[in-house]
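As structure tokens, here come the structures.
Across the two complexes that follow, subunit A remains constant while its partner is subunit B and subsequently subunit C.
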Partner chain A sequence: MGMLKNSHNLQTVATLTVLVLMSAVFASFSDRFFTVSNFQNVMRNAAPLIIASCGMTAVMIARGLDLSVGSVLAAASVLAASLAVAGFPLYIAFALGVSFGAFVGLVNGLIIAKISVSPIIVTLGMLNITRGIAYLITPSAILVGLPGNWSDLGTSKVIGLPLPIVIAALVAMFFHVLMSQTTFGKRIYAVGGNEEAARLSGLNVSRTLILLYLLCGATAALAGIVLSSRVGVGDPNVGIGFELQVIAAVIIGGTSLSGGEGRIIGTIIGALIIAVLGNGLNLVGVEPFWQWVAQGTVLIVAIIVDRQVQDGVNRANK
Partner chain B sequence: MLKMKKYLLGAAAICAFGTAGYAQDAVTIAANTFSTELCDVADPAAVADIPAAVSGFTGYDSAAGDWLSEPEASALSGKRVALTVMGLGQPYFLAISNHWERLAEKYDFELRVFDGRFDAGTVQRLVDDAISWAPDAVAFAPLDSDAAVPQVKRMQDEGITVVTYNVQPSQVVAPRVFANDFDGPRLVGCNTASYYLERFGDKPAVIGVVDYPQLPQVQDRRNGFLYGFLSLIPTATVAQMVDGGAVIDRANAASADMLQAHPDINVIFGINNDSSLGALAALRATGNYSADWGVVSSVDGSEPVMSELGSNDSPLKAESGYPPYDFSIATFNLLAAALSGDADENTQVVVGYPPVLPTEEGIASWLDQQYPRN
Partner chain C sequence: MGSSPLLEVKGLSKAFPGVQALSLVDFDVNAGEVHCLIGENGAGKSTLVKILAGAQPQDAGSIVLDGKEVSFNNPLDAQLAGIACIFQELNVVGGLTIAENIVLGSEPTRMGFFDKGAAQKIAQDLLTEIGFSEIDETQICGGLSTSEKQAVMIAKALRQNAKIIIMDEPTSPLEDAEVRKLFNVIQKLKSAGKGIIYVSHKMREIDELGDRITVFKDGAQVATVTRGEANSEDLVRLMVGRQINEMFPEKTHTPGDVVLKVRQISGPKIRNVSLEVRRGEVLGVGGLDGAGRTELLRSIFGADPVRQGSIEVDGRNIPLNSTAASIRAGLALVPEERRSQGLIPVLSVYENAALVWDEYPDRRASSDPKPRAIGDVISRLNVKTPSLSQRISKLSGGNQQKVVLSKWLLAETTVLLLDEPTRGIDVGAKREIYQIMCELAQQGMAIVVVSSELPELLGLADRIIVMNSGEIVGELPGDTSEEEIVALSMTHGTPSTRAQNEK
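Entry: the complex of A and B
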């Protein structure tokens, strides 16, 4: 009971309940929903979202926002693909793709932290810049001639699990440890809770923010490479609107838009709610236009349930 | 006549591939069953419920004339011409832009390309920008049929000659170039079914469509394909149509879900190349990427799909092109005709969806003309 009075735990349970209920509904309508292959399918599709959402969670807990993740995802993936086509070893192409994302995040962070420009404006500008870079990298629009092992990252398996799932799990574990077990993690919450108080208490707020945006850019780039590997081409049109999915996953997972609150486990559940919703509606055979309505409705309901639980806990704790 | 053409093409394909031992390859079967003619309906009841074309409200008769040849001289020479594209991020529009740049150099006219970025607001703004640039003529690619009507009229009110291409406006306001979005994919449906019958015989055909239901043009593509396929295989069933968003990442996820819901699907039609590539990636992820799995087909004919079409390992074995060169040269010629008073708002040119012969030569011929590398 004590544990459930902890607002974070109860919030996680509430979000998880939404996911479980949703899954139960889909399972009752489709006998194909609860199968091993569909579980792997959902996780494979959710992996890029989970990876990018981890970076975004850290940024949003520090009261930031990164709207450029969808475009960074595209630019990093076509950069890696073009390097692979040019004959670079795959691991170098992947590493340079992730480095590109980290560099973009670094630029975002520097402008936001050092010049105090609104993160919405900065990352909106970067959204356009990086999408343009993606198109400039691929003059033939979709890169072909990729090496045969390009798809391995997105399609192969490790101990029976699709590799994208393993990568997403590792990234999530890294961020969970970073945010819950390290001094840097405490600084993230402190900056998000009250930036001025954090500054007055001697924290280097600028450095914290810069590092967070760098990590967010790197995770977006890694998500792009996983996605590009899965679809087997380098396409600058991938990830359009992806930033909205990422932000939705983070908010559904309980991270506050006003900063200072949120956990990686919640974000993972939020990403799974989005992935399961899309998958379940397709499996049940809901008409495409009704899927838009259903997705919007379920997301709003999930947020309302989450906030009601949060308010209830706050009242109980007073 | 139809059968004779098929046999000739099949013979050419076998010659191209050489040895008799190669005769059962997926590519050879696809080449043998390939046709450039629409197939006859075996059972009218099977196609009776498929809606007719909705995008070509002015019909599909093309004005007489040699619209697809490059003339010796053009009325556009020395003029200032604006070309708008729906979005340069798509291979098709990038190729359109490249073809026009070559034409501008060859016929000596000033060209400026305006990118609509697949965004209604951007297209609205680029109309104003184009007017400000004060061109003599505009080759305009509308994003939306209804919105195009006032946009075209605004440019015409400024004394600019306008020809629309690709999507046509919902009213007769300017000369236009467009394609028969029903019959082109119908031919893909015929070729897909011919291949399926030859390769899989009497095995029940179960169809999945990676759709994009927001656009009337795409509804025609989907319905045209189904009409063609069911013309030859009336017993085929449609298991599901999912919204793939016409982009590869969303199409991939939607296809994967569709295959989970209906593991018996063995025919997939993608309404564009991103949709079919997304479906192929979904098959690859589940270990079903093989010509033995079934058949995938689509329309567009961009370079990534051509490598799938020519591969014996790939299930993609029927494709009709949406031809950027044909659209470019037809629009170029129609714009010149409009500028010199030889075409008016009632003049329309209908471009075909040429099916691509799935041999090395057929693919090379298609790419060399429609998607040349500079």
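Entry: the complex of A and C
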């Protein structure tokens, strides 16, 4: 009884173990790794990834996929930055940036759910469109001349914690509660696990999907604003390949590619594994190109391990 | 029983291009009644069920539910009106718990949040109501047996206040004990005043359950009889329009030399299995679901892992764990899951039949050119298809199965392994498949057939081996009784096996 629940816990323990082992290895190679400042640094770096991965987790549990998050991140951040340069109050610039992401997600969701086009194709198209929009907003490469308080969101601290970390934690908590404690959350699993059953149970499957893509777009945009606020510029080149990091974090965290399974806690660990990997390799002095190789390898290994664990549990079940 | 029926269908008609699937059908169901639908595939019963379930619109005719005329645009409409369908492909969500599945679509909430406690209470009450109180409602649905999933679906139907419950061949995936349980549930639903429409091919079930029985043939309703008015023979005659005294052809084949020798093979689901099959012999394999029968056939064929032992065909050891080697040695497997394992739904009849022919040129059973060889086999097996280029998924189950057989008859097959070869196939086509099997045995082919239908084993097999927990627990002659097979199926093997089971 409850074997599958156990398999979730097992999964969490397994990914957590990988994170701890990886940290231990890096700590043994570099004494700068296990310091408070580096820890905060890792977390700050991981924050945009965690934020965007939360939205992606929900979409992927519903058996969807959003490849446009990297471009949405860029477009939303340069949109907010250019509004700030134009003299809009920051909160309005940020809110419009996030709304832009939500709008892109809405369009994704409408096309995917209402016209039944494959999410890969729709969001791949949207990846190009929004990247184009990012360059259209800031033709002159990097946007400078931002107001002084632009960086507050990315650099200030709340109760001793960097604000990006607090924002990521709040977003993660929101999604965790949404998915585990609400009716809507149950429906996400139902839509991803067995769409026909969901439909026959009276669920509005397309509305669920549209809302999920909207949330995913919004989290990607929020991630973009947090990122550009921390970096202090609006850069249309930011976030190229970010969608793959996000998807990797979600999959490493144990969300099934075929939908119906996955948890936010797993995704957070997945995002941390990616962040620690990047940070650790930097500290150890590995060339950036090798970091791509390492990230890809971790993703593939995670999927293989996941498969083995799943098979093991299935066998034990019988 | 009320004065007017719970569900009343009048003058229902439905045409598909080229076929009148239903013509002017009148049909009704009373509260607290089981109304059985029987008929060969294509007789119209599944069209009726689909219309009632909202999956297809009717061309003409009316549906009156509880005194109100209703019309359905989609399955959801039908469900909301109170018609629930327990289809063969069970619509449960594997990743959610039983309780979450049962309340899905009408979840209890507390302060806007999903109320887990209330959901579990609702689920447990409903499961208890249908006699499945032992199911733990907090369990994830993914690991449930088919029988338990059916229970979840029935509980869910009750949660949605279904008045009419349609069951389409609910027992085909079940073991005998589970069938008993389902029948108890049906009795409970009856006494709760639900109307039940029960579609089945199995005469024994209809005898036991049916308060009334409606027979369909060629899209028309031939007769509606109340219990006791007609016996099985009469019903079959009504269905096929001819008397089938003998469902099974006479066993005229005579076993020759041993052609397949399996020695002490073991794998994840089978232990120390040895058996021999002779040319021209039909060996039946009995046992409960999960006894390892499917795995045995798959292991012999090289599709499931074999860790030790040997398999000999025609006096030569064949390499283990290789389907290619098995095919080259003359083995053939007709798997249990026809749609997912036996055929490739998107391909045509011709392409499906040609799969082995194309892949193993040296094993071809005929020197004719391909179109002719395939055409011959397809017509020899009497496959009913408009053309060879027809998509195989458009054919009825029986005809699909014949195409799967054709694939192997186009190769030099000496040992045919059949796993539930007639599951979900109508009576007429079943008989044809039995006929084909007997002819093949007569021509000297060795046949191993796994079947959960005991009359089928008894009617076909020269010998019957019975499995339990991955082992052969005994062998019976072909003229044994159903009781003996059942008794043996329940027997456990060696103490070591028992210890394994109890873990």
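One rule holds in what follows: the second predicted complex is superposed on the first by the 300 of 318 C-alpha atoms of A that agree within 3 Å, B and C clash if a C-alpha of one lies under 4 Å from a C-alpha of the other, contacts with A are read in each partner's own complex, and residues count from 1 in each chain.
FYI, contacts are C-beta pairs under 8 Å (C-beta built on N, C-alpha and C of every residue); 3 or more make two chains touch, one makes a residue touch a chain.
This structure is a prediction, so every number in the text was calculated from the model and none was measured.
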| Side-by-side fit of subunit B and subunit C on subunit A, or clash | fit
| Where does A:E261 make contact in the superposed view: on subunit B (first), on subunit C (second), on both, or on neither? | second
| In the superposed arrangement, which partner chain does A:G285 touch: subunit B (first), subunit C (second), both, or neither? | first
| said: I'd like to know which partner A:I240 touches here: subunit B for first, subunit C for second, both or neither. | reply: first
| query | Is A:T183 in contact with subunit B, with subunit C, with both, or with neither (first, second, both, neither)? | reply | second
| query | Which of the two, subunit B or subunit C, is in touch with more residues of subunit A? | reply | B
| Which superposed partner A:S201 touches (first subunit B, second subunit C, both, neither) | second
| task | Scan A:Y91 for contacts with subunit B and subunit C and give back first, second, both or neither. | result | neither
| In the superposed model, how near does subunit B get to subunit C, counting Cα atoms only, in Å? | 35
| task | Please write out, lowest number first, the residues of subunit A touched by both subunit B and subunit C across the two complexes. | result | none
| In the complex with subunit B, residue positions of subunit A that touch it | 30, 32, 35, 37-38, 41, 44-45, 135, 139-142, 144, 151, 154-155, 162, 227, 230-233, 235-240, 242, 278-279, 282-285, 288-289, 291
| How about subunit A: which of its residues touch subunit C in the complex? | 1-5, 181-183, 185-187, 189-190, 192-194, 196-203, 260-261, 315, 317
| task | Under the touch definition given earlier, write down the residues of subunit B that touch subunit A in their complex. | result | 88-91, 94, 211, 213, 240-243, 247-249, 252-254, 256-258, 260-261, 263, 273-274, 277-278, 280-281, 284-286, 302-304, 307, 373
| For subunit C, which residues are in contact with subunit A within the complex? | 75-76, 79-80, 91-96, 100-101, 104-107, 109, 112-114, 136, 138-140, 142-143, 156, 160, 268
